[in-house]
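Chain nomenclature is as follows: A, B, C and D, assigned in order of appearance, with residue numbering initiated at 1 for each chain independently.
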Amino acid sequence: MNLSRTSVMVALSVFAAVISPAPSRAEDTIKIGAPLSLSGKFVSYGAAAKRGVEMAVDIYGGKVGNKKIEILFRDTQSDPQVAVNSFTQLLSEEKVNFLIGPIATPMAMAGLPAWRRTRALWVVPGATTPLLEEEAGKEPMLFHTFPYGYYYHLALARSLREKLGPGKTVAIIYSDDAYGREHLPYAQKYFTQEGFKIVAEELVRAGATDLNPVLAKIRRVKPDLLLGLVQTTDGIQLTKQVYVQRLNIPYLVGTAYPQLKQWQDASGEAQEGWVGVTTYIPGLKAKADPKYPKLFMDSDVWKAEFTKRYNREPEFIDVGAYVSTCMLLIAIENAGAVDDKEKVAEELKKLDVHTMIGRGHFEPSLGGTLNQAFADVVVHQRVKGADAILYPKEFETADKFEQATYAK
Amino acid sequence: MIAVRGWIIILGSLVVALVAPHFLPPGFSDWLTRLSTLILVAASWNMMANAGLISLGHSGFWGLGAYSAALLANAFHIPFWLSIVPAMLLGAFFGACLAYITGRLRGLFFAIATLATSEALRVVALMVPKLTGGAEGVFVFDQIRPDRITMTSFSLCLAVATVATSYFLSRSRYQYALRAMRDSESAVQMLGVNPARFRIGVTALSGAIASCAGVITAWFTGYIDPGSAFDLKITISAQIAPLFGGLYTVTGPVVGSIAILALSELTRLYFNYSGGVGLLVYGCILVFGVLMMPSGLVGLWKRRRKPVVTDAAVPARAK
Amino acid sequence: MASLIFQIVVDSLLLGGVYTLMAVGLSLAFGVTRIINFAHGDIVMYGAYAAFFAFVSLNIDPLLSLLFVAILGAIGGYLLFKLTLDRILDAPGINQVLLTFGLGLVLQNVAVILWTGDERSTTPSYAFDSWFLSDDIVVAKGRLIAFGLAVAFVVLLLAWLRWSELGRATRAVSQNRAAASLMGINVRAMYALSFGLSSSFGTATGAIMSFLLPITPFMGFPILVKAFAIIILGGLDSIVGTVIGAFLLATAETTIAYVVPQGIGWAEGVAFFLLVIVLIVRPTGILGTVGRDA
Amino acid sequence: MTAAMLELDNIRAGYNDAIAVENISLTVGQSEVVCLLGANGAGKTTTMRVVTGLIPLLGGTIRYNGEDISQMPPHERVTAGICLSPEGRQVFPDLTVMENLSLGSFNRRARRNRAQTLDQVLTLFPKLAERSGQAAGLMSGGEQQMLAIGRALMGQPKLLALDEPSLGLSPKMVSTVFESIQTIARSGITILLVEQNTRAALSIAQRGYVLSAGRVVHEGTAADLAQSEMVQKAFVGAAFTKQSVRKSRRERRLAESNPGGAGA
């Protein structure tokens, strides 16, 4: 007992020494903490964000002013406890003044209370749930650079109403995970607002093997639109089963998943006709920013650059993390390359740039976040294996929604 | 005499738990809080294992504790130190019910029943969003969250109390009953203990302690959702820790918890540049741990190299 | 009403086929070795990836690659057993649980590193095809194929167990290991064989799942949990029981999903509820012989 | 006495922490029938298990036809010709009688002559032919005992080990079974027999050993033993010793680890 206790103490202190290096405050570096899910179930988000952040730092040149940029990645292991620990390490030990990430909603939520203790400048290029802004309230140091869920439905409902005309009926499928639950009320709100009639709302279990029972119920009400509020994995399942069951609903509307390459590959011919909403689409033509053409290039050029580096097409998280990091770096530079979150926050608020995903400028959100950028979303449709952009006007490449193939 | 020494160690540890967090780096202090939750859940799991009850449902207790603390804090502003009382009662009640309902199930079958109940609880948490916030989760009322030092001290004290409980249990007359339970229940009866009641007692105690771990987590992260509160990973680490440290011992779960959480933290810090590597290393350690040191770290330490007698049911391998 | 019942029957049958595939390998390995393989779901996942890459890079249909995938699975499972589980057969059962869990963790994260967390799927034409039985009752071809293969697998397995020398030995080991070794049966070799066979069922199942479910490194665990529930329902060591368990679970889930509002969300909870009830009322499962006091 | 077929030299064995047999030495000659006598818990069954390799040897050596087989796994011993009809019969309850018998000749050596051996066994136990399609678990105790012996014979043993063949049988059944054993012995197969029914055992054995508390306390020819007081004593002395408790617990454990095992 005694022996083991001593050894435990010794082991503990050795361990403490190993994991808690005295924070080295080198004067010539700017540290940015990046708590991301680099393993566990949200690994694809974390990995994408990491690509975006690294590419941004690299293209920026690795330095702001004459200070080296050091990104401290911390793996949250997709575990809330570890997320809290990562935030504490970054904020209280490394004493970083700038944070970027995480992407996954539960990780950002778990980080919020821990972040409150020091309130570093926090750029969140993910987390779509309005519960975040409800909880965070009017935090001046929180910079949300990703649209909240309601922006999706605002844009979807508006564009569908515009092109399809009034009086259409909608059936909604939502998953029992955070994604479905958080999107449902906003889908209800904005679709009703735009004059759609919701004729069915069906819940599905995330990861369900068989969606037939739900699809069978929807088949009976014969809606004009099907809106699927689910994550990618369930999106694939939904897409395939809707197609296989020949559900005969003219318009199929998804949320984020129709833009994803993995969804497109996995859904095969069933993807035809699905409408999606996103911040970024590879086919999108955005001009380079006149002031920062090297950072915010023509969207095609950037896409080529990304593809060259990572040997894959960029997705919205890649580009979201990229532009968010760039804006943060510009703000730091503009503030005189100081490690001072107040000054940098001032500069960040002043920024107004044209990026590959639209205008980069912070404004209050609809729901209470003080600093919200990239609320503009793009509505697109999968037509013949490519993306037709239908909203907003400036990016439009098609002027009407196609019906799903089997409905033609 | 042993009891006196035990008390001294316990009181000493309590003092350390109260004082140390003031002087520790914050990240380490957070780590100690996480460690405490792991010790709680590992030690409580080990208590049941001691009695031959293999639980795969400890995440159920954990989630119950976390949700009861969070919901009570939000509804009635019950402070963190008080919230362990209803949580423990709930955990104990649930544990007792579980033990009562599963009646004569043993071994793997008891284990699967516990897994099923814990998964069922997760489904309930997902499906009644009006109460639990559903999949979106709930934030714990922020104004009454304790600061980090209080949090660490409090959870370390709970961990010390838990280890003390299992220590005294291992010194009490129940240790024979426990050991006998692993072997056969009729032997327990010979010791004058009612096995059914004893089972219920052990499961209730274990459930109460495991829900404490949930309470700590709820306050520590300030946010919970069904996916993380009823995560099977909790159950798994609850058994990896004692196994790694040494099953059926008092120090085993503690040593094991420290070892695996330290390993996990080191791999996280040093391998965080590529997705999945951290967990991969963790898995490898687990596999090699089981293969190379079947009696855990504590066993390795004691060098108790008795001849390994094979189970008669599995024919011995040719040497 | 009649159409609804018919629809429930059709959907339950098709889902039952999928569930049978998920559980049959696990059941076989457990029956013989009395070890619950927590890595079984991940073995299924590897089968799915193998079929996926065969489909994408070599343009081989999953139904064709299934054979090779099954052989690879058998070899892999055999080696896995020899290298790991074989060494700790004498250790307490909990060590085996942890070992297989650790193996699952390793397999899963190797997959994450190799193939990232992105979802994939094979897209053969039959995966998108279906037949109409009536206006609103549709039979998905992919699922029907899975159902047919499930039946074929079970029949083959039962025939092998019934009529082959090794199959008989497998049943002997499953019923009484000590007595089996007295027959001159190398029990450890039978363990390894059944483990390899179980893995080959696992990977073959994966090849079939590759066009039914999205393939991710994390697809294994839900499959494992389902398989778990099924073999408990059916009785851990009985193949026929497993089939019954699979169809029972599928029917219960499908019926609840159709009849109860938000039923599909509750279905999983109900499955676990059913499981606990079965454990309490008939602890050996529907057809099992394993004493639950063990 | 002919050349020793089986030699046990100072063997020691047990279960977990408990040692069940200590310093047992015995020999079985070619074509001999040797019986082990003793009360419950005397170590007879343990000795049989050591001989067949079901439990590991903790000390001493076992030689079979002069070769050291102490570490040989059980299935190889079967191939070498040591077949056991275990205590409690341990037939495979869900398999048919025919399947049980076929399994008996699973080993490479016996498989070749399976049909021939089967004929012999069915001649010896005609009852088994009648019941060939029935699940073994549904048969009576006596029939199961015949099956267990028949199954061991299917392995074409050179040394047939029989553990308590009379256990739980009616007196009439006991005599039937022992007649069959005698027939087997006449065919030249060496037999090592464990029996509580002393009289029956000594009626067919040539020599015997008396075990008590895990040791050999007496040995001699069948005729000697039949008159010996030691034999009587060995049985009276075992009313309720610690060991018998241990054994019963061990038995339960074994039964537990053999789920679905024969309804012993």
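The rule is short, and it goes like this: contacts are C-beta pairs under 8 Å (C-beta built on N, C-alpha and C of every residue); 3 or more make two chains touch, one makes a residue touch a chain.
Keep in mind that what you see is a predicted model, and the values were worked out from it rather than measured.
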Selected interface, B-C versus C-D, where C-beta contact pairs are more numerous: B-C
Chain of greatest Cα-centre distance to chain C: D
Chain centre separation in whole Å, for chain D relative to chain C (CA means): 40
CA centroid of chain B to CA centroid of chain C, Å: 31
Centre distance in Å when chain A and chain B are each reduced to the mean of their C-alpha atoms: 35
Chain D, residues touching no fewer than two other chains: 53-54, 73-75, 254, 257-258
Junction residues of chain A - those touching two or more other chains: 39, 43, 47, 176
Chain C residues counted as touching two or more neighbouring chains: 109, 112, 116-117, 177-178, 181, 187, 262, 265, 268, 293-294
Of all residues in chain A, those that touch chain B in their complex: 1, 4-5, 8, 11-12, 15-16, 18-20, 38-40, 43, 46-47, 73-75, 77, 79-85, 88-89, 92-93, 106, 109-110, 112-114, 116-117, 129, 131, 135, 176-182, 206
Residue ranges of chain C touching chain A (in the complex, touch as defined): 7, 11, 14-15, 18-19, 109, 112, 116-121, 123, 127-130, 132, 136, 138, 140-142, 212-216, 218, 222, 226, 253-254, 257-258, 262-265, 267-268
Contacting residues of chain B [partner chain A, same complex]: 5-6, 9, 24-31, 34, 37, 126-127, 129, 134-137, 139-140, 142, 145, 147-148, 217, 220-225, 227-228, 231, 233, 250-251, 254-255, 258-259, 262, 264-266, 268-269, 272-279, 298, 301
Residue ranges of chain B in contact with chain C within the complex: 49, 54, 101-109, 112-113, 115-117, 119-120, 123-124, 126-127, 232, 236, 239-240, 243, 247, 274-277, 279-280, 282-284, 286-287, 289-291, 294, 308, 310-315, 317
In the complex, chain D residues that touch chain C: 52-54, 73-75, 78-79, 83-84, 86, 90-95, 99, 102-104, 106-108, 110-111, 151-152, 155, 254, 256-262
